[in-house]
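Next come two complexes, and both contain subunit A; in the first it sits with subunit B, in the second with subunit C.
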Partner chain A sequence: MFKRTGFIFNADDCINCKACEISCKNENQTPMNIQWRTVKKVAPELYLSLSCNHCDSPECFRVCPERAFIKRKDGIVQIDENLCTGCQLCVSACPYQAPQFNPETRKVSKCQMCYPRQDIGMVPACVEACTTGALNLVDLNTFEDEQTVRNLPGFSDVTVTNPSIIFYPLKPRKRYFLQ
Partner chain B sequence: MKDGVYRNTCPRNCFGTCGILSYVKNGRLMKVTGDPKHGYTKGRLCAKGYASTQFVYNTQRLKYPMIQSPRGSGNWKRISWDEAYSIIAGKIIELNQRFGSNLASGYNKFSGNLGFLHYAVEGMFNSFGPHTKPVGNPCALTGKLAVNQAFGHNFSSNPEDMADTNLIVIWGANPAVTNVHQMKFIYEARRSGAKFIVIDPIFTRTAEKADVYIQINPGTDAWLAFGIAKILIEKGIDDEESIREQTIGWDQYKHFIHHQIDLSDVSKRTGVPTEAMEVLAEFYGNLKPAVTWNGLGIQRNDRGSHSISAINSLAAMTGILSNPNSGLYYMHFDIEHFPQLLLNHQGPVHPNITKSRDIDISNYSKNALALTEPPLKFLWVASRNIITQDQNLKSWHQLFNQLELIVTVDLYLTKTAKHSDIVLPAASHFEEEDLNVGYWHYWLSINQKSIPPYYEAKSDLQIARELTKKLNELSPGFSNFPFEKEPIDWIKEELTPEIMRQYSLTSYEDLLEGPHKKIEIAHSMPDSEKFRLLPSKETVTEQLQSENLKKPLTYRLLTPQTLLKIHSQYELVPWLNQEQTEDIIELSSTAAIQHEIDENTKIEIYNQHGFIIGTAKINPTLPNQVVLASQAGNNPINQLITQTDDKGANGSSTFFYDSMVNIRKWREKNV
Partner chain C sequence: MNNHFAIPEFVQELSTASSHGVNQIVQKLSTLLSHPVLVVDPLYQVLSCSTGIEAIDEIVIMPDNQQESNPHFAVFSCQISTIDSLKNGLANPITLNNKILGYLILFSNDKPLAAGLYEDALIYTASLCALQMQKSLELKQERQKFKEAFLFDLLYGNIKQKEDITEYGEIWGWDFSIPHIVIVFSYKEDNHFFTNKQTVNMLLQVVENELISQNFKPIAMAKQSQVITMIPLVDTDYDENRAKLEAFAVTVLNKAAKMNPEFELACGIGKKYRNPTELFRSYQEAKVAFELGILLKITTPLFTDFGLERILYKHDLQDLIEYYNHTLGSLLEHDKNHDGNLIETLEVLAANQFDMGKTAKASFLHRNTLRYRVKRIEEILNMKLDDLHVRLDIMAAFKIKQLRKI
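Showing the complex of A and B:
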């Protein structure tokens, strides 16, 4: 059976420190304004660290006239920039704003799940950088934990593309605000 | 530089002091990662650390020495290092001849780079003989003195041990923003069942993660500590006899708590409901071992010393003195155990001036202005951005007018550099050698020179070596700075046999293989004598009486650190500045209604020192009487901050959070 490598993101542990976001830029040296990963505040106290979700049914793959996208056997969705003509159909089709268009090169690039690192047994740079351990990789074909959820507020509809990411939601906490 | 992986250490004024691995190719820094051999940061960095390539290769970095004339005109002209040294040395020597000493020459340096070799600035000035120098610590002195007062020595427990406790109580610290690597140890404790409590006036990112968050009126931490002590004492303390044994002043303390503390009064002052106090008292009473963390935030007001004493006393009666696994955290000052040879370099003796003139750094400009015979005429600024960070800016401008030469050493053309006559380009930590020790964790690590300097940048040490050489050329024997010593010589001399033993080093080379941790960490057991509970009753009463009376419609201005900067550092790194955070002023919903202010409209906060225009953000969790703003930026908030005159004999931290402001809608006619 093939692997389905995906992200597992613990919203309860994420402190929005943005190390994942900047470590991605450090590793891949992406230009300004090209954000393969971003941490967003989507609701009070809820932060999501999101990149390409390497979907099971990737819209980018489906709409690309140049067939520049491939889905690897381990689940990683890759783009071959050499084939990209900059039509940006993928940019409009992706529910997660993962493909990033660079107006200077007129090419699209996106998170490649650090496959060169994974190919030599390393985790992606974002996962390595996460100091609280909120962001990890799992094989979604085999992983099971009933505490995980497929969606969180602020995340797009998962039924279209079946994104390879699951979440741990926030836990309730006790607060005493000023009287 | 050979291609390969080098060991660096982040030298910022930060709890992390992170170990960095630098990947270098063709003399260029390609990327960084955390050093997995660092047992505190464990192979991870923060967002700022991961932006290192942009910090180093940034078109806004200073490339060459420059001079501007007139000062502040922006009319900068590139000069050679030799020209810069000649002008600076010429001025120092001329002032010496005019006034018969170097007291007219001084420096202002603080926390821009905490590496050992950056004490080259102090060493350089020492090498001239008596001069004018800053003393104190605007950030942490009040808390340091309070911890010292109670225990007889400074200490802060081992941060990695926080993972093995059952209760973590943070008073006024925000590690999720300012000390990100600590969070994993907190989470580890929580996964094993520990309770995690945050007490803070601001509902911070750390507070969001706490099992119990208790919001408190700013500056009232001591009252909350008294309230919890009261509940515990009234319930009866199990091992009261041993507490009496281990402390000085137990009966007096108990008497004070019993007779002068009333829970409904505490609740009124702190804003904390009695129910929350009961919860906290139950945790403190039952969950052992417990750790208490005194955040720097609670000592940024003039009741800070008292707050830390009261919290320490609570920690003392809840296990810190009896349970070796409990902990008390502030920050430690182990760097003082090193020889600090540059800092302590002895200069030549002056025939009739015995020592340098000290200026309290928390009130530098005012104190410097008061100096006569001779007045301060030459100022050297390094590791410091006065114009965005220091208080009493009006007196700074007066001081600048009096100065005949201002030299700033920095990586960037900061606001302070723009007010200088000469700027000298500083090396980044990747371009120099250094040695670093944490002030939160206990790891010692090396900083290798991993890349060649950016254009003509130089380290503080290299500048000290070359400037003192120039001084001696122009005036033989002026300086006794050992300029022939290389960085590595200074590093090796810090590693005395005793330091090597403490950090289990056999040689300097061990540090090239990875950071080393101190073997024996100072503990919470008080020195020979006993733990001193609260200061004398007189101090308590005085402190309680000094509470600021609340004036209607005035707001306390809180200006904590933000995630992607440290003070003004990193503000010119584009990766870290993609969102607009600058000029945002947060106010409570109540204040917004009161002043009829809408979200995202322009507002002005002002006081007798000036005004700041910003964009209003309504924060429904903010206390009504608090306004929140970030530091640095184009319109730095320190314009509204002054330090009140120091009351403590031994100095204090700067009470940044005692600044009060008013709010109004922005109208053009106000400007």
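Showing the complex of A and C:
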């Protein structure tokens, strides 16, 4: 059986430093208006660092008329920009807004989980840059932890697409005030 | 030459025959001992028989348990029952590295066989069979690795040329020049770590056996909690194909449920594609049908059967909630304030295609009561229920609710 690489995100540890965003931009040299990874604030103390989730049933892949998407055996969903005609069907089909249209090149691009780095045994740039270790990479075929959940508030519906990301939910925090 | 180093002639003959596989070993041993010989797997399913495969369809082998469990007796006696007769035989386990790969059985058509006479020959032949069976098992595992890689590429559209797929398919005897359809069987997992590989492998075996019984070369693979299979559809008759697929899916679901009643199983059926490079679409559609089938409680959901649901399941949630509230909000509000259940009446009415007679029967209401309720609903919603546009809106709103979007 092949491995299924996926992200594991600990919502408790994310402090919205955006190091993952910056490292992604730096590694992939994406244009100014394109951000493959973004950190968004979904609740007062909940930040989500999201990119393409390399779904098991990618909708982008299903709707593409040019068959520009490829799913590698390790689970990474890639787009061949040479085949992309810029129809943007994938952009509207993806529930996670992962594929992004570049009006200058009239092509769609998306996170490719830093596969050149992974192929030589390194972790993706975003994972390496994460200052608190909130973002990590696991093999979802073998990983087991009952504390993890498939969805968090602010994250799109996971039925049908089955994204390759799991979360550690927020734990109730104790507050200590000085009297 | 020293007689102590002499190798008996029958050993030489068996060794020579062994290079051609288990079938040849069985044939040679049968010729040498002048008795029929069988090789069965650990579950006593016949793998090879010296009298020909046709003659062994109905054989049931009943080992003498006491002897089988005794490690001092490598050879144990057993009974072989066919439809019309009961025969006595001697069985020897075929083992390699303490793992039982099957049994070698010598049986007689008339009197019982003497264990002491045949024991050495059976033990030696069993060791030859073990080597051959291990070799074919390793080959099968190697082939399985390539098969899975090919099926993965096929299901994710990574092979772009039709000719490549057809050529690869021929290796395993699959004809991709005819249209295929993808069916996904999967366990309804509450836990997203479905690591019970044994259960999935059992399901894979059920699917493969069912395909073989329908004279198909099984194209199937296990992937996480799923078992994916591709079925060739030669007939052009849609209804006939549909009936066949549904019957196949129901049979597999029933058999698997009997084997593992603690796990709930569901399936999804994609669309038929003539071009094998398009089969990845059928796979994705089968997975969508699987999810929608669970939500809408359909046992054998076909992707082609879904209409509005296909658009609704992936539409923006906020939009859907707004649409639902816009269409049925006033009725929900009324029910909440007056502790009523007009929304349920409307739901049953929509489910029965707005037929008053059927709805009255289904909701155990008198026709006149139903008429009064429909009138109230029309007043509250401020729309006429005999308008087709209104009906479409209401149906869509209830479909959104069914898809658990609300």
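Keep this in mind: the second predicted complex is superposed on the first by the 175 of 179 C-alpha atoms of A that agree within 3 Å, B and C clash if a C-alpha of one lies under 4 Å from a C-alpha of the other, contacts with A are read in each partner's own complex, and residues count from 1 in each chain.
Just so we're on the same page, a contact is a pair of C-beta atoms (placed from the backbone, for glycine too) under 8 Å apart; a residue touches a chain by one contact, two chains touch by 3 or more.
None of these values were measured; they are calculated from a predicted model.
Asks: Aligned on subunit A, subunit B and subunit C: do they clash or fit?
Replies: fit
Asks: Name the contact category of A:42: first (subunit B only), second (subunit C only), both, or neither.
Replies: Neither partner.
Asks: Contacts for A:95 in the overlay, against subunit B (first) and subunit C (second): which applies, first, second, both or neither?
Replies: Only subunit C; A:95 stays clear of subunit B.
Asks: Taking C-alpha centres, what angle do subunit B and subunit C open up at subunit A, rounded to the nearest 10 degrees?
Replies: Angle at the centre of subunit A: 160 degrees.
Asks: May I ask you to decide whether A:178 touches subunit B, subunit C, both, or neither, giving the answer as first, second, both or neither?
Replies: So A:178 only meets subunit B here.
Asks: So, A:29: does it touch subunit B (first), subunit C (second), both, or neither?
Replies: In the superposed model, A:29 contacts subunit B only, not subunit C.
Asks: Please work out whether A:123 is in contact with subunit B alone, subunit C alone, both, or neither, and reply first, second, both or neither.
Replies: After superposing on A, A:123 lies clear of both subunit B and subunit C.
Asks: Considering only the touch criterion stated at the top, classify A:57 as touching first (subunit B), second (subunit C), both, or neither.
Replies: second
Asks: After the superposition, pull out the minimum Cα separation from subunit B to subunit C in whole angstrom, please.
Replies: 22
Asks: Indicate the residue numbers of subunit A shared between its subunit B interface and its subunit C interface, in ascending order.
Replies: Comparing the two interfaces on subunit A, one with subunit B and one with subunit C, no residues are shared.
Asks: Residues of subunit A touching subunit B in their complex?
Replies: 12-13, 15-19, 21-23, 25-27, 29, 32-33, 35, 45, 128-133, 173-179
Asks: Under the touch definition given earlier, write down the residues of subunit A that touch subunit C in their complex.
Replies: Of all residues in subunit A, those touching subunit C are 1-2, 4, 56-59, 61-62, 67, 69-73, 93, 95, 141-146, 148, 150, 156-157, 159-160, 162, 166.
Asks: What residues of subunit C sit close enough to touch subunit A in their complex?
Replies: Contact set of subunit C toward subunit A: 148-149, 152, 156-158, 160, 191-193, 195, 223-224, 277, 280-281, 284-285, 287-288, 291, 295, 313-314, 317.
Asks: For subunit B, which residues are in contact with subunit A within the complex?
Replies: Of all residues in subunit B, those touching subunit A are 30-34, 41, 43-48, 50-53, 176-177, 180-181, 183-184, 187, 203, 205-206, 208-217, 267, 271-273, 275-276, 279, 563-564, 574-576, 578, 621, 623-624.
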